[in-house]
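The following pair of complexes shares a single chain, subunit A, combined with subunit B in the former and subunit C in the latter.
After this line comes the complex of A and B, so read on.
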């Protein structure tokens, strides 16, 4: 008998990923996203100025783009380019960390409901229905408005706490579908415990849909955070996020166009690349089953 | 009546059987309706013996297999009074933790569909090694080495490389070898093989059966071979249990069963098998289908499809009659054997004709 050469990527997630980067637009999206992440990570090295420094609040405020300040300055004489660069760091950080909270809660809740089944599942799902009935933005506005001067850590926590309901449903549905799969019965026949079956056999089969949901979730949180910051209840000053940079120039949008254009562009670019990536991950995942 | 007791079996095995199933009843309770899929089954399996259970779809043979390992999920339930004795313990009343130590360790199972019985996201080596991790309490590395050894034992060439592959990268025969490696990893006392070759090509089927018989000789394992294929039965087993409508209808040594089938259902199964040298325009079929497990008929459950049935069969549910040495049959022909010479069209055929 002849042995076939081992394909480079055998694991399902590996196969999904390989299929994603086969195509051009997700490859481009991945490249752009990598660049934005690098900008965020290396912000202190790249940014020409301190993003919070106010060198001359009278003579250097509201300057249009120039060689010294490519993205202009804001009403407090701060360099907008530096703030946009640091904004990348903060917006991505909030997006990723809030999504970590979301995924943890969503997977745990959904997996337990789906695997337990019966009355436990029914009760947990009704609780979820109740949560889903509350509009996320409204809830966040209420919490954040009632709680002035919230730290960024708390902001991340609230963004995460309000975002896991949808994922929970996906995970619960998948666990429900998989728990009667023959390989689960086979694992039981080999003496695997319930805990082991859930953690070792069911959850690893859900990695692909979770990755898809998380990718789209990061984009969603970034937009949400920008919206809250624009309303003045998100990232507190003098911290820089794309949302509060736009807010700083919102009094005179037409005159200080550079203050909304550049952070806005960055945000659109980030969210678009994340969505393209998420969608093609989903396509690749759907095709691989 | 010369009937053997309900709980009695042909019992040709060793004096103290390895497994002793007594009056096993596995019922499914579905909103007021009860499906009595397994309805009072008793049999023994001796140490090192291969016993076959044969029957058509829906006769309860797979549910019997799953019941032994207590893998029945709600709404299914093993009813009180059923007993499955194994190594001095009753598996029916064993605690969850204790039955877990028996599964995969003392009794293991080989499934019909090797592709769906393997987890698609782990390498096959990982999955074989997991058995040793669960029951052996060995290190990751040690478990992996034992997995590769077990894979090699089942005749997988270059087992070390194959172990790193995922199920979808292996052929059907290879996957079934992986499942066999998993089942035999802990050298269990009993392996339950549920249609182990049904999903495979005919040529591969023979290889897999040879492998099973080989490994059985090596380890002295008992095998419970569940199949609808009399060919598999003839090739591997020493004793056969024929199931119909949730019950044992005949049990005998394999030679005896093939040379002198007693129950009309067994007879029908034999006629339905193709034979070399016998010219037939078409294969015989048993007319009709198995009745629904929610509604077993009164009297003999095979009555409608039987060419010999008479008034007694409607009135009285037949017990297991002793019809030979270690040979029992659930058919009233045991007391009126001359009726075998006067077959008639079965009731289902007559009714079908009346409707048409």
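After this line comes the complex of A and C, so read on.
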């Protein structure tokens, strides 16, 4: 048994987090991510132009980067820099909201399956297997191609609905492992209801794996959304998402290189910082056991 | 072993049935039907559409339609592709070999490259090389497939015009080349898409394998080998790697969805005439039967991949083989 030199203070998640930002690369990642979030939040103040404005579709389209348009303009004469800035807002929003859906469903399904056990658990796990067998992108393509011109809200919902299977399995495993722990038996002996045991005793112990899965999940959703938008079934026009901007330039990749380079760089930066944070959180959490 | 295979196969059959049910539900939950969505032609009157609906059985009750759909699937019938004007099965049979070629090259290449990177990293653990390679694999892992493909296209076909822009063969000259020239032409077209997919897939293999190797290193048999006087290099190659290869087999099964997804985007960017390219074009032309057909075949491919990986794993692991 390991003896801590000091009594642990604060919540388990807070301690994990403190351990994460002690190191250099996650600290840098957090700083970059904060900057990108700020860019997204303050998009209307930062963006030099309206992201949907088409000032002169004849003379101002397809302009290469210049002082007036640092990231150039697109085939509809819109300013690419402004669209990339608004893209940060939309991509992060979609990533976070879809992950909220994912976490809610994944935790509920996994916790119920793990706690119920027996045949309920077996059936629920087979359902999960079937969904996990379909590649997420293909499932989304089948759904989104059937409903053309979906709103962003519906897109978020579908991104969330197709992403919770893996997390569910993790949560179920944790609940199964903790179900017969002493503190749960004690709570049961004190007459706590199932619901209370699940919400007050089991769930707090699941926070760390959920936070890890959510951080990596946001990164994954951003990539997926960009991919779907690139295929033309994601964010509807004239909404600016990173994938959308790249799609607008994809017919003439060579002539309009600035339309794939800049939004792609922003996206890679965002996804990479989220991955660094998620993995550092996981490392820190693994070491705390 | 046989019993395990049978169990696993039965499980896969149930999942295929489930996938069929999901895709049927998707088709019928979607607004309209193939005749209102795909034929947006003002010259087609409502009466003709109605007749088409009767002809194709869209007027029947849903359970009957589902029964017909399942029996069609069982016979390998995937419906009619409106944009190609031929059966979905034919379109997919025509394009699938190209996708399989791309995926198998990337599968072999990414595992070879990924394992090599991991071994280099672990043998120089904590060094600058290790950190740089870790950073590089994280970078490739964070990169959307289509963006890396676009970068590769920009760099190696426009800025440094080494490779052809896209497609599987030269659209004009291929017919006039001799056998050797044709093979060379195909290879020239294959390199860039295959390399892109390989790079993307090798990132996760390298990360996974590095962690697996580090997990194995504190084991007792490694200490024994060290006490026997083997060099660190020999230990890594002969003992650690062999034991860390077992999880690689299950990683092969897990990597199929990512390979398939990557192939869809890479085929789109390089106009590689595979199933993913057909799927992307089907989305654009609202050819829904082809979309669903590609999704079903893609899911079956992933399932077959994970089945083979599970069987290999059971065969390779003496502990499982005994059962």
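Just so we're on the same page, the second predicted complex is superposed on the first by the 280 of 289 C-alpha atoms of A that agree within 3 Å, B and C clash if a C-alpha of one lies under 4 Å from a C-alpha of the other, contacts with A are read in each partner's own complex, and residues count from 1 in each chain.
Note that contacts are C-beta pairs under 8 Å (C-beta built on N, C-alpha and C of every residue); 3 or more make two chains touch, one makes a residue touch a chain.
As the structure is a prediction and not an experimental result, all values here were calculated from the model.
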Overlay on subunit A: subunit C relative to subunit B, clash or fit | fit
For A:197, decide between first (touching subunit B), second (touching subunit C), both and neither.
-> neither
After superposition on the shared chain, which partner residues are touched by A:232: those of subunit B (first), subunit C (second), both, or neither?
-> second
Where does A:90 make contact in the superposed view: on subunit B (first), on subunit C (second), on both, or on neither?
-> neither
Is A:185 contacted by the first partner subunit B, the second partner subunit C, both or neither?
-> first
Please tell me which partner, subunit B or subunit C, touches more residues of subunit A.
-> C
Considering only the touch criterion stated at the top, classify A:271 as touching first (subunit B), second (subunit C), both, or neither.
-> second
In the superposed arrangement, does A:207 touch subunit B (first), subunit C (second), both or neither?
-> first
For the overlaid structures, how many degrees, to the nearest 10, lie between subunit B and subunit C at the C-alpha centre of subunit A?
-> 100
Shortest CA-CA distance between subunit B and subunit C [superposed frame, angstrom] = 20
On subunit A, the footprints of subunit B and subunit C overlap at residues none
Footprint of subunit B on subunit A - complex, ascending | 1, 3-4, 6-7, 10-13, 180-183, 185-193, 196, 200-201, 204-205, 207
Per the touch rule above, subunit A residues touching subunit C in the complex are 126-127, 129-130, 133-139, 141-143, 145-148, 219, 223, 226-227, 230-233, 243, 246, 250, 253-254, 257, 260-261, 264, 267-268, 271-272, 275-276, 279
Okay, in this complex, where on subunit C does subunit A touch?
-> 11, 14-15, 18-19, 22-23, 26-27, 29-31, 138-139, 141-147, 150-151, 153-154, 157-158, 257, 260-261, 264-265, 268-269, 279-280, 282-284, 286, 288, 291-292, 294-295, 298-299, 302-303, 306
Show which residues of subunit B lie in contact with subunit A when the two form their complex.
-> 69, 71, 73, 100-105, 108-109, 111, 113, 116-123, 130-131, 134-135, 157-158, 161-162, 164-166, 169, 179, 182
